[in-house]
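First up is the structure itself, then whatever we jot down about it.
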Amino acid sequence: MQRSATSFAAELIALGEPRANSQPSERGPAVNPIGIAFEGVEKRFGSLVALRNVSLEIRGGEFVALLGANGAGKTTLLRMAAQLMKPTAGSVALTGTGSKSEDARGFIGFVAHTTFLYDEMSAEENLHLFAQLYGLNDASARAAEALTACGLSSRAGSLVRTFSRGMRQRLAIARALLHEPRLLLLDEPAAGLDRQGLAWFGTTLERLRAEGCTIVMSTHARNESLDLTTRAVSLAGGRIERDSGIDGDPAELLAELRSAQGGEA
Amino acid sequence: MTTSRAAAILLAKELRLEFRTRELLTTTVIFALVVVVLFSFAFEPTAADSRRYGPGLLWIAFLFAGSLMLNPSFAREQSNETLDALRMAPIAPFAILLGKMLANFVFLAVAEAILVPVFAVLYNVSFSGVAGRLILVLALGTLGLVITGTVFSAISAHARMRELLLPLLLLPILTPLLIASVEATASLLAEQPELDRTWVAFLAGFDIVFLTASWLMCDYLLEE
Amino acid sequence: MKGRITLVLVAAALMVFAGYAALYVAPDEKTMHAIQRIFYFHVPSAICSFVAFFVVFIANFAYLGTRQPKWDWLGVAGAEVGVVCSTIVLITGPIWAHPVWGIWWTWDARLTSTFVMWLLYTAYLLLRGFLDDPQRKAMFSAVFGIFAFLDVPLVYFSNRLWRTQHPQPVILGGSNSGLDPVMGKVLLISFVAVLCITAVLITDRYRLERLRSEFDELRFRAESREAERASKIPHAAREARVE
């Protein structure tokens, strides 16, 4: 794309304005749900083997609860799904997108232990930035909508540095949902959420499920609302230990794990 | 989206972050000023001396100030793992690197814009008549500095002793750039000022070589 | 194993022979006399440092392409040996120069480039020292190594260009111009000897790095097994670290 110095400068100035030619990214209820397939995945960090021979197929529209103790490999699995790291062996592939990897990242949302937010920017600025990076039309409007939805519009102009833990977590979730991902990866998303946040998060999950979004949520069996899940997969020592299966009922497995993890946080 | 558009968005973000706090800019300018003043205590510059040693002094000040300024650039992305957030967005990895390079360039350019007139005043050196050509030389030299510096700051962000490590990695690599920039600047201050095309071409070559190398290796720099 | 011992013996024999040749066989140089004999080790060391650094470049490239740790081992081996060779050059140079020309050092293109090259590869080794994660260490030192290698010709040319613009008395002129044939042969012998030593050092250092890496892995596994046996926490939390 040829660009003269003046047009580049003009673009810099106009970055706040809605762009006419951004990538189209409006996605309503998913017509083609996205799944993810892990095949023979191994991940080593030096001598440490975090995942060994993990094969797992998650179909579009599933809501998978990923269980396991700390160190079992849940976070590694999620980060791999989020395209943040590549496996040492085996493959991780999104199914149902029919596109090359760059576009695929635009379908994925990730909520992790860290907030992925710039503390020295305001809530609105953070969301606006990511809206732009994900190529959304009218980034400002989408950012404002997201702020209203998570109940933070009154603090839109405040720096994230001034937010409480619960507010930051809400904003982090809002950031992940901004581009209406069709694959949502959650690593203990409810940690730190206040009551209002939890309620909002619960309804959001329900809505996403109804729209056919594929959700993979890592959690301890005691936390979060697991009633919406369609499947439970537990990891131990980097391997898949139990899997309630694509068409199975996760309730039994969840109950078992809840009692097994009696004292664990 | 194109790499340049993504880089522009990230550049805007960097500028917004920096102009809010201005901590990086102020410290860079003050430090460079300190270096410039210190040199005047090290030797008493006559007008002839200034023309001879001035360019060297100026570029050393920029190099030192620059290498100090580069670390915080990537360090900023570590607090909430925002670098990972950028890597997850559907943008080319090079856009992230390029955005940082452009931001560092702007910051250093602002510092130089302040420093050069101050230097001219303190050492009674006149840049009149060569301003345009001087800006070209400054731009090419600064570009080389930020291109290599940004790459190495991405490396040293993960290392111990990063404040010492970055200059240690960067300054040996930049010796050709230092020679070229100083010579090109000196020829602009000579009795008959002229733009030394050889050195300017060398600077441009240096920039192209390392920009290409950065582009080819940026995936390795940013991956987990 | 046998191959290595043979190589070491050959290299040692060659070095002894080269030393003898340099001291006794080579004719006395008419102006510099005895001190000139350093040349028989100064020049080969310089050439071998380039060879070593070229090995580093290849290793860095190969590592980025294949991600196999063995290329990282080769890289650090080559860099360390290269730095040693460069150090020898930088020390023998001034020792030679001082009695002959009365100065220890001059900033001509060759010497300056050698010095900067030494700095670059020392920085390479220091970088490795400050990076803890083994994969990052290998990756980042490969990237830096490639940058350093690209920089070396630029350093040399910028210095050459600079010196032609500000000509200095040519002190260390082309030492190969009009070389006495016997001197030439002695030089060749000592070059082969130094090259053999370089090869031995690089292979040994490579082996050392490989063994170190294997040792670390074995120790890690042993410690994990020990920890698992000692603790009573369910296997789930431990198994991740076994094997």
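By letter and in written order, the chains are A, B and C; residue numbering begins at 1 in each of them.
Note that a contact is a pair of C-beta atoms (placed from the backbone, for glycine too) under 8 Å apart; a residue touches a chain by one contact, two chains touch by 3 or more.
None of these values were measured; they are calculated from a predicted model.
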| item | value |
| --- | --- |
| Distance in touch steps, counted as few as possible, from chain A out to chain B | 1 |
| Relative to chain A, chain with the most remote C-alpha centre | C |
| Most central chain, judged by mean C-alpha position against the global CA mean | B |
| Between A-C and B-C, the pair with more C-beta contacts | B-C |
| For chain A paired with chain B, centre-to-centre distance based on mean C-alpha positions, whole Å | 37 |
| Centre distance in Å when chain B and chain C are each reduced to the mean of their C-alpha atoms | 31 |
| Interchain centroid distance [CA atoms averaged], chain A/chain C, Å | 48 |
| Numbers and ranges of chain B residues touching at least 2 other chains | 223 |
| Of all residues in chain C, the ones touching two or more other chains | 133 |
| Contacting residues of chain A [partner chain B, same complex] | 1, 3, 8, 11-12, 15, 22-23, 79, 82-86, 102-106, 108, 110, 112, 114-121, 125, 129-130, 132-135, 175 |
| Complex contact set, residues of chain C against chain A | 133-135, 216-217, 220-221, 234-243 |
| Residue ranges of chain A in contact with chain C within the complex | 45-50, 68-73, 236-239, 241 |
| For the chain B and chain A complex, residues of the former touching the latter | 1-2, 4-6, 8-13, 16-17, 20-21, 79-82, 84-92, 223-224 |
| Contacting residues of chain C [partner chain B, same complex] | 64, 116, 119-120, 123, 126-127, 130-133, 136, 139-140, 142-144, 146-148, 150-151, 154-155, 157-159, 161-162, 165 |
